[in-house]
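Below: a set of structures, written as C-alpha cells.
Both of the next two complexes hold chain A, though its partner changes from chain B to chain C.
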Partner chain A sequence: MRLINEARTRLALMARSWGQNLLRTHLARQVAWLMAVAAGWEALARASVYPPILFPRLSDVLATLVTEMRTGEILARTGWSLGTICTGVALAVAISIAAAGIALGIRPLRPLVDALLNVLHPLPGIAVLPIFLLWFGTGAPAVLAVVVFSCIWPMVQNLLAGLEAVPRTQIEVGRNLGLRRARLILFVLIPASLPYALAGLRLAWARGWQTAVAGEMVFGAGGGDGGLGWFIYKRRFFLEIPAVFAGMLMIIIIGILVEHVVFGTLERLTVRRWGMSRAE
Partner chain B sequence: MRLIGIEATSPGGDGQWWARKRLFAEAAVIALALAVLIAPTSALLSTRVSAARQPLEKIRIAQQFGLVYAPLSIARELEIFEKHGLQVEWRQLGSGAAINEALIAGQVDVGFMGIPPFLIGWDKGVPWKVAVGFGEVPIMLITYRKDIKSLTDFTSKDRIALPSPGSVQHLLLGMAARRELGNAKALDSLLVAMAHPDGMAALLARRGITAHFTTPPYAFELLSQPGFHAVLTDRQAFGGRFSFNVGVVTKQFHDSRPQAYRQFVAALTEAMNWLETHKKEAAPLLAPEFNLSVEKTYAYLTWPGVHYTVEVRGLMKFARFMYENGFIRNMPASLDDLVWENARALVPPGEE
Partner chain C sequence: MAVFLNHHQRREGAEPLLAVNSLYKRFPSPRGGGELTVLAGVELTVYRGEFLSIIGRSGCGKTTLLRCIAGFEKPSRGSLLIEGREITGPGIDRMMVFQETDQLFLWLTVLGNVEFALQAAGVPRRERRARAVHYLEMVGLERFLEYYPHQLSGGMKQRVAIARALSVAPRMLLMDEPFAALDAMTRNVLQQELLRLWQETKITIIFVTHNIQEAIIQSDRILVLRPLLPANGANTPCGAADNGSQRPLSSIAALIENTLPRPRRPDMPGFGAIWRQLNLLIGHDGEARTEPEDEAEAVAESAAEPAGAIVLDGKAT
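== the complex of A and B ==
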C-alpha cells in the first residue's frame, strides 16, 4: 500500500514537472529560437531594405520548396545526392574496415596506416577535387571519389580508436569462455567498439554530405546527373534565389532526418540497448 | 492551456515568479539577437545617404579579366575616365553571377555581362537597363573528336563545358539545339559548368569533357592544336551579329546621377573607339596585363569577328528566343524596356 502511494505521488510529481518543463525542454527552446529567427527573417524581408531578389521572404522560399517538390526536380536532385553519398559512405566503410583490419592484424603495416591517416585526414575532400577531376574525369565519378576520400579518414580513425579501447578484461573473459579469433572479433571486439564506429559513421556521413554538395557547386557536375549542389548552382545563375534557399532547406531537412531517424534508430537498436551509451 | 491550469493550482509561488523572470530574460536575449540581425540594415541606409556630390564624380565599375575587357584597360592606361571627370573605383569580381549580385545589391554602379544574364535579371524585375554595347567576339564550340561534326553527333555519354547555366554560351547552344534537334534544352543534360581556363585544360587533357564552348583567347589556343575543330560558331547559332557583353547600369545610378552617367558613356565610347582604330598602338599597352607577347596580343585584337564597339546588337532577338523557350517569363514590349535613352541610338536598324 505504501509502495503504491509512493508510486502515485511520484507519478503525479513527474506529470507536473513534465507539464511545467514542456516549454523549457531543450528541444522546445530550440524550436522557439528557430521560430524567432524565421519571424525575424520574414519581417526583414517584408521591410524590403535589402533587394528582395537577393533576400527573399521565407514564405516565398517555402512556397518554392513546395512547387519544386511537386514538379519533382528537387526530389530527383536529392535522390541523386543521396545515391552518391550512400555509395560513397558504403565504399568508405568497406575500405576503412579493411584498413583497420590491416593495421591491427599485420603489425608492421600499422605505422603505414597511421601515417596515411595523419597526412591525409586534415586534407578537405574539396581540396583534392581538381586532381580527382583529372584522374576520374568530370562529373559523377570525381564527386564520388572525393566523397569516398573525405569519408574514409574519420571512419578509420574511429574504428582504430574503438578497437583499441576495448578493455583487456572483456577480451580475456571472451578467451576464457573459449572464443577464438573469428568469434572473439564478432562477439566481443565489434560490439565493444561499436559506439566509436557509429561516431565515425556519423562524421563520415556529415563530411560526405558537405563534400558532395560543395563538389557539385564548385565544378558543377552535369545537368542530367547532378545533385542538390548542381540544383543550387544552376538556380543561382537564373537569379531564382528562393529556389536556392529551397535547395539549402532540403539539405537541412535531409541532415536532420538522417541524424535523428537513421543514426538515432541505429543507436537505440545497438549501443543504447546494450547500455553502452548514456546519451539521451 | 492545460499547462497553465497545472501551474495555477501548484503551490510554488516563488517558482512561478522566478520562471516569469527567466522568460523575460529569454525574450530580451531573442530581441537582442533580432536587433543584431537588423543593425547592418541601418548601416547600409546611412552609406547610401552620404554619397554626396564631389568635384570628380565617383563611379564604381565591376570588371573581370580577358580580351573582352581590353577597353577598360585602355581607358585606365590613357586615363580616359579622368579626362571625362570621373574617378573610377574598380571592383574585381570572380564571376558573372557575382557581378549581377553586386549590381543588384547596389555595390557597383556599372557591370558588364552577356545579354542573357542581363535579360534574366530584367525578367526578375531587377531595375537595370543597357547603357552601352561592350564589344563582339567570336564564340566557338570546340572539340577534339573527329566524329563530332554537328550537334546531332553528341550522345548522352558526352559532356559540353561552358562557363555557367544561363550564359551566352548556354543560350547559343540552346538556339542551335532548337534548330538542329528540335528542343532548346535537348543538350542541357550534357552541360558541365567550368571557367574558361579549367574547360580549356580539361579539353586539352581529353579527360571528362567532349567539347568546350568558349571565347578568345581560349578558343584561339584550342584551335591552334592539331585535330581540334569548331562544331558550332556564334554566327551559325545566332544567325547574325550580337553584343557579346553589354554595359548595364542600375536605375538608382542612372536616375540619381545623370551627370556621372553621361560622363561614363562618353568615356567608354572614347576608349572603345580608340581601341578599334589604334590596335597597333594598343597591343603593347595590353600585352603585359594579358601575359602574352605583343604579336599575339595584336593577332587577337585583329582576329576576324572581334569588334570593339559600343553598338548594341541582338537584345530583342535573345529576348524572343528566351521567352519562347521558357528561359524568361516576360517579353519586353519594346527596346525601350531594355535600354536607357542614349543607347536607343546605339542599336543599328534591323539588329534589335
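== the complex of A and C ==
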C-alpha cells in the first residue's frame, strides 16, 4: 500500500514537472495561447454577438474541414495549389540560378541584373496578374507566371548575396588546391553559400504561396478547376462561410508543414548540422 | 627530442627551392590615384627543407610577400621561381595555411576536409581515407575524424588546416601567422608540434609571424621586412633614395641566420642576443613588446656567444 502510494506521488510529481517543462517551452506557450484564442472564438460565436453566417463557430469550421477532406474537394484544390507553387518555385530556382550565374559570370551584365532586381522586386506578383492574364491567357498559365515572377527576385537576391558573402579564405583554399571555375563553384561556392540559398528558397516559397492563393481568387471567378484560392472564393460566393474558414485553415496547415517540416528538416540536415546557421 | 642541425653545413649542400628576384609589389592606392608600393627589391632564396620565418612591423608587407609566393598576388615587377619554373598562380605545390580559422570547409567533417584536398590533388579514392587519417594522426586528431569544424576549438581547426595542407605533399608550406589567434599555451603546443612535423616530413616552411620569440624558436633563418611607408601614410616612390644614400630602398631590413642549437628555449645562451638584434631591426614603433622570459639570464650568457649572423639587405640571397 505504501509502495503504491509512493509510486503515485512520484508519478504525480513527474507529471507535474513534465507539465511545467512543457509550459516552459516557447512552443508550448504558443500552443496554449492558440487554444485560448480558439476557446474565445468558440465562446464568442456561441454567444451569437455577430450573425452566425458571418462568424461561424470554430467547431463548425473544424467539422466542415473534416467533411471536406472526406468528400475530397478541399484536397483536390490543395493539390492543385501545391502543384502550381512547386512548379513555380522550381522554375524560379532554375531561372534565378541562371540569373545569378550571368550576373557574376558576365561582368557587364551585373548592373542589368541588379537594376531588374531593384525595379521589379518591390512589385507584388499580384500586381502583374492583369497583364499576365493578357499575355498568357486566363487560367493556370497566368497564375503560374505570377508565382514564378514573385519567387524569382528574393531568390536571385539571396543567391547573389550568398555567393558574395563566401569568405575569401575559402575561395583561396579552393584555388590553392587547384580548383578552377566549375569545380570551384560546385565544391566551394555553392556549399558555402547554402545558408543564403535556403533563406532565399524559404522567402520564395512564402511569396509564391501567397501569390498563388491570391492569383487563384482573381482569375478563379471565370474558371472551373482551380486551387485553394478558387475554393475559398467559390464558397464565399455561396455564403458557405465555415468552408471559407476551412480553406484558410488548410492554407495555414500547409504553411506550417512546409515551414517546419520541409524547411526545418532541410536546414537540420545541412546548415544547422554544419554550424553555418545561428538559428536555435 | 634533441635534434641538432648544423645549418651552415646544411645550407652548403642545400638545394635552392624558391627564388624571389627583385620583387616589387604595388597596389592601387585606396585613396584613388597613384599606387602604393608595399614591397620593393625583395631578393630571396629559400632552400629545400629549411624553416624560414618572416617578421616585421604590422603593414610592412609580410602577408603580401607570402601571397606573392602562393600565387594569389601577381608581382608588379620581378619574378618568383619555384624549382626554376615561374610562379603564375596558386598551386598545390605551395600550400597556404591561413591565419583565419574560417579556412576549413564547414560542410565537411575533419576527415572530409582532408579527403577533399586529396581528391582535388587527384589521389585515387581508395587511397584517400588512409592517407587522410595518417595526416590527421600526425596532428593528433585521430579521435575527431567525424567532427564538423564548428565543433572544434581554434587550435584544433588550425591543426586540421595543417594536416590538410601537408596531406597533398606540397613542396612548401606557407603559413601566415597561423597561431596568432590562439592563446599562449595552445600556441606553444602547436609550435612544438609544427617543429616535430617539419622534422618528420622535411618540408620547407615559410612562416610569417609578429612574434620574435616564435621566430627564433622555430626558424633556421629569419627574414626581417621593413615598411616602405612613413607613418603618415604618404607613399614613398619605389627606388627613391633612402636618407640621401644612393642605395634603392628595399623591403628587406635583414636576413638572419639562426644557429642556436635545437630544441630552443628562451632561456638558453644566445637567445637574448638574437632577440635584441631582431627587436632593433624591427624598430620600436610603440607596439608593446615583451622581452623573452628570463631575459636577464639570457643577457648574461649571450654576451660571450653571438649566435646570429646578420646579412644586410641586397645581399640576402
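Quick note on the criterion: the second predicted complex is superposed on the first by the 255 of 280 C-alpha atoms of A that agree within 3 Å, B and C clash if a C-alpha of one lies under 4 Å from a C-alpha of the other, contacts with A are read in each partner's own complex, and residues count from 1 in each chain.
Going forward, contacts are C-beta pairs under 8 Å (C-beta built on N, C-alpha and C of every residue); 3 or more make two chains touch, one makes a residue touch a chain.
Note that this is a predicted model, so its numbers are computed, not measured.
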item	value
Combined model on chain A where chain B meets chain C, clash or fit	fit
Touching partner for A:Pro111 - first (chain B), second (chain C), both, neither	neither
Chain A residues touched by each partner, larger count belonging to chain B or chain C	B
Touching partner for A:Phe187 - first (chain B), second (chain C), both, neither	second
Touching partner for A:Met276 - first (chain B), second (chain C), both, neither	second
Chain B versus chain C as contact partner of A:Glu172, first or second or both or neither	second
Shortest span in Å between Cα atoms of chain B and of chain C, once chain A is used as the common reference	33
Residue ranges of chain A in contact with chain C within the complex	167, 169-170, 172-179, 183, 187-188, 191-192, 194, 270, 273-276
Contacting residues of chain A [partner chain B, same complex]	16, 19-20, 22-23, 33, 36-37, 40, 44, 47, 49-51, 53-54, 133-134, 137-139, 142, 219-225, 233-234, 236-240
Footprint of chain A on chain C - complex, ascending	70, 72, 89-92, 94-96, 98, 100, 102-103, 105-107, 116-117, 120-121, 148-151, 168
Residues of chain B that touch chain A when the two form their complex	2-3, 6-7, 10, 19, 30, 33-34, 37-38, 41, 44-45, 96-97, 100-101, 104-106, 117, 120-121, 124-126, 156, 159, 161, 164-167, 188-194, 198, 202, 205, 207-209, 327
